[in-house]
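Each in structure tokens, the structures are laid out below.
Two complexes come next, and they have one chain in common, chain A, joined by chain B in the first and chain C in the second.
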Partner chain A sequence: MAVAAETIITAIHGDRVSLLRVLGPAHVWALGVGIVLVGEFTGWNFSADKGGALAALIVCWVVGLLYTSVAMIDSEVTSTVAAAGGQYAQAKHIVGPLMAFNVALFLVFAYTMLEVSDAILLGDTIVAKAGVEGLTHNSFIAATIVVLAWLNYRGVLMTLNVNFVITAIAYVSIVILFFSVSPWTQGAVLKLNELVTPGNALPYGWIGVIAAFQFGIWYYLGIEGTTQAAEEVRSPARSLPYGTMAGMITLLIAAAMTWYVCASLMPWEYLGITYYPLWDAGKLTGSALLENLLFIATLLAALASANGCINDAARAWFSLGRDRYLPTWFSAVHPKYRTPYRSILFLLPIALAFAFIADLNQAITFSILSGVLQYTFMSINIMMFRKKWPLGTIRRGYTHPFHPLPAIVLFCLCVVTFFAIFLGFGSQLIAMTIFYFLISLWFHFYRYRYVRRGDQFTMPWPKPQGY
Partner chain B sequence: MSRYTPPEQGKAGQIFDIVVVVVAIFVALWLPLKLGLAGAAKSIDALDAKTWEALGQNPTMASIWEKLGYTPETAHDIIQNRFHYIIDWPTLIIMAAVLIGYFVFLFRASDREYRDVINEKFDDK
Partner chain C sequence: MWMALSYACWGISVVLALWMLYDWFKIDTTYSEEVLTSSREGELEAVSEKHRV
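Then we have the complex of A and B:
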């Protein structure tokens, strides 16, 4: 990728030192797919645990619809509200400060816990491969988080160039695996008919399909992170919709190939609990080359995801500081590297701490919970956006079709996913929602006093209708 | 409308707020782990006869389990560790009430704050 490191100083909030506009559509694709692709290497398969192999396929497509709605809605709003913080900046301009504060926390929690999951996956994969007794994953987890934080500290262009390369390698490995197992022939390597039978396809019935929505989210969780780079892309109106939609298409193809190969190679009970479904699939083909390729690809996917998550979580946190929602100390931009370095450093020990105290599916569930809360907001946000600024009243970089159908579909699927989380993880959902409620009270009744009112609205738009 | 001037926050206040946020994050994420509220609600339906047939595995499935290094005995706890989807209505109602209450509060309080923002932003012009 030839990307000219041009510098465009943005004057948002009067910052003297601002983020650099150096990214193109390929970086947006790399940021979105890089964060998400690890979901094909681990996590999605827990949906088979909750509902069986066929349930995992059904949710792959239905949740794909949810995320297509997310991508469509997000592309419209972000191509119009092009500011760091992504959905946070959207909420601030469309719904209000308290919602923006919550959305930023959803983003930080979703991405930090995803980063934690990635680091755990990477550590566990290396330990499993080494097969050395007494070797623990702790040092690998710590090294991953610290090195990637350093990379993010040094600059966004280098970070996302690295992501583009490792994401592409990980993606190609899935394609190689798919074509290496003769997907057009059953019986030779793949044995779908014998592994997914009428008797075990839906072991829990249709309630299992609904329950599987929870981990079906993991096929695509994080694609909306492309919007975090809004202040660092050279042409947000073009790059963000293009990169996000290209990312969704890429992921839908990868998810379908992953399900087909894995469900055709291992029983659903094992598929539902393994931490490395694609690496296991490589092993079960009997090819040492494929086994090693998928091992490396699992590590690269985890690295790419953690890398993108640090990038996104830090920008959401940075935005909170810049608007005084949190102490302004967090809003500093590094004078040389032009990155939100204090936010990157602040989130580093939090990620490290949880990587050591949570296990993989707990960390994944924390991330999913924050993600679904955010998608619920997005479905309402787009309705408010169209109502306050109808088409034609402001310049939109992209206008998504079929409104309000994507918003209604997204909202309904979020409700189903909340019910899915209730089926097995309900206590965790209640505990996290109570946390968000209490921290909202803290913000609304105490912290908001430090926020400048009119300065929060930075877009050159007319007054919203109805106000 | 008069322009709102926020109070300046001193260093000690900023540090205090950072500590509050850090503590809140750790409590929110760590407490469910500590109290056992995080993780899947599953339990093992134990079988007396630990054979591939009793575990519902056909010869193809059994051969894959063996390729992965499992015997019927070691695979038993994986295969029989199941979710039991019984809808606990009181918990479901509490969960729905918490979620709806949270979102209603969010939108109403946000709207109050938003009106101030819009008034100050556009009444200045």
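Then we have the complex of A and C:
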């Protein structure tokens, strides 16, 4: 009887237990920027190793264009398909179940591997700071993944409130560093004209710029994760485009400031191999305060990213269970905390296992590959969306301008990025392609028989044009 | 200090992991599977947005 009473109290929408709609635009910003900002603290700088300091700046702008297209396209589609799973739900309604299944796997892989990378980075940063013999990163990795999983288990509002605070502190630290080095005066602290010269700006020529795309992705990787909050924001049509676009603007500014300060303080040969470009920049200013601030900010950025990744990977996995693409067991919602608790718990040991056995470079590459596969899908998805449901046929919270230019730009830049990844990690690219092909066969010939085909399409849209 | 912090991290990880396992067991034995898996996609949209065919 007590159980029945509690069930009634916790349930919404009649007798259902659903995810809780409690988030606003600031949480969407915190989710997107929180996942991405770690890329300014490590990752983007490896593009300097591929093509020199100028190549890192060129890819900062060009990849910025790729992600601006991603943000615009995502904002339009998500403001219409407001469901957990984000791009998975979009693919299901616009392209079809097989594409949706693959997109969900792209999402889970991209976010879980990014979470693993974040945890390894956090552990390595603490070990580097401590400089104590015998101290390993394992305990810090375990604590990062388990504590953040617990936070996600306990509720989305607190999870993203925490993300907002720690992301804001990490972001402000970049701004403080930027203004502390007198960016308007070359020669005092910054020496860009000495470190980046016509002779060393592009040491490997334009092929180096192409190769730099692989790590240029890190400036913005994960901003599309805002859509996973679609079912938990109070006003999806308003909050998602607003939070995503604000996040993209924030990141473009952070990326430009980060490149300018780091390229003006370190030679490209060092910048391209260090794991801590911003922390190193803090050290090179000679200020202990800035050094410690950037150390703490590196940890906070890694935490915020891992936190957002757990949130997003769990929702993508949860959505697969809810549509019976995976066993429905995964679609359980916690009646008190209103979170996809079984999906969170299922992905926890997987993340831990990868974090303990995987190499940071491998984890990063798998994350980037899954992300780029997803962006390629998005360029095709928006073309089909506009063709099947032209403007005026359904209500859109946001309509992106210059269609189809952003989709074409996005597709072309994805092709360039695939080529860049092939240059550096060709075997992983081929292995992942084979994996997705085999898993698609399993889904098509085996798993799809369990899907209730009529139930999976939930958006109350008119019939698409041509059908 | 760093080694103590490392041991504290292991301790916190174990405690929180055990708590989540306990809560998972408690929830799964208290509520029926129908209630726990009753979430459906897009319900609010179905109420707030109606499109004519």
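We adopt the following convention: the second predicted complex is superposed on the first by the 452 of 467 C-alpha atoms of A that agree within 3 Å, B and C clash if a C-alpha of one lies under 4 Å from a C-alpha of the other, contacts with A are read in each partner's own complex, and residues count from 1 in each chain.
Convention: a contact is a pair of C-beta atoms (placed from the backbone, for glycine too) under 8 Å apart; a residue touches a chain by one contact, two chains touch by 3 or more.
Given the structure is predicted, the values throughout are model-derived calculations rather than measurements.
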Problem - Touching partner for A:T250 - first (chain B), second (chain C), both, neither - result: neither
Handout entry: Partner chain(s) touched by A:A142 [first = chain B, second = chain C, both, neither]
Key = second
Practice task
Quick one: classify A:T339 as touching chain B (first), chain C (second), both or neither.
Solution key: neither
Problem - First, second, both or neither for A:K463, with chain B first and chain C second - result: both
Practice task
On the superposed three-chain arrangement, identify whether chain B or chain C touches more chain A residues.
Solution key: B
Handout entry: Which superposed partner A:T417 touches (first chain B, second chain C, both, neither)
Key = neither
Exercise for the section: Go through the superposed model and pick first if A:S331 touches only chain B, second if only chain C, both, or neither. Expected result: second
Exercise for the section: Scan A:L438 for contacts with chain B and chain C and give back first, second, both or neither. Expected result: first
Practice task
Share the list of chain A residues that count as touching for chain B in one structure and for chain C in the other.
Solution key: 328-329, 463
Exercise for the section: Spell out the residues on chain C that touch chain A in their complex, using ranges where they run on. Expected result: 2-3, 5-7, 9-10, 12-13, 16-17, 19-21, 23-24, 27, 30-31, 33, 35-46, 49-53
Exercise for the section: Would you mind writing out the residues of chain B in touch with chain A in their complex? Expected result: 3-7, 9, 14-15, 17-18, 20-22, 24-33, 35, 37-42, 56-58, 60-61, 64-65, 67-68, 75, 78-79, 81, 83, 85, 87-88, 91-92, 94-95, 98-99, 101-103, 105-107, 109-122, 124
Practice task
Over in the complex, which chain A residues touch chain C? Could you list them?
Solution key: 3, 7, 11, 13, 15-19, 21, 82-85, 89, 126, 130, 132, 134-136, 139-140, 142-143, 146-147, 149-150, 153, 231, 319, 321-323, 328-329, 331-336, 341-342, 345, 348, 393-395, 458-463
Fill in the blank from the handout: The residues of chain A that touch chain B in their complex are 49-50, 91, 95-100, 102, 109, 113, 191, 194-195, 197, 199-200, 204, 207-208, 211, 265-267, 269-270, 273, 280, 284, 324, 326-329, 350, 353-354, 357-359, 361-362, 365-366, 376, 380, 418-419, 422-440, 442, 444, 447-454, 456-457, 463-464, 467
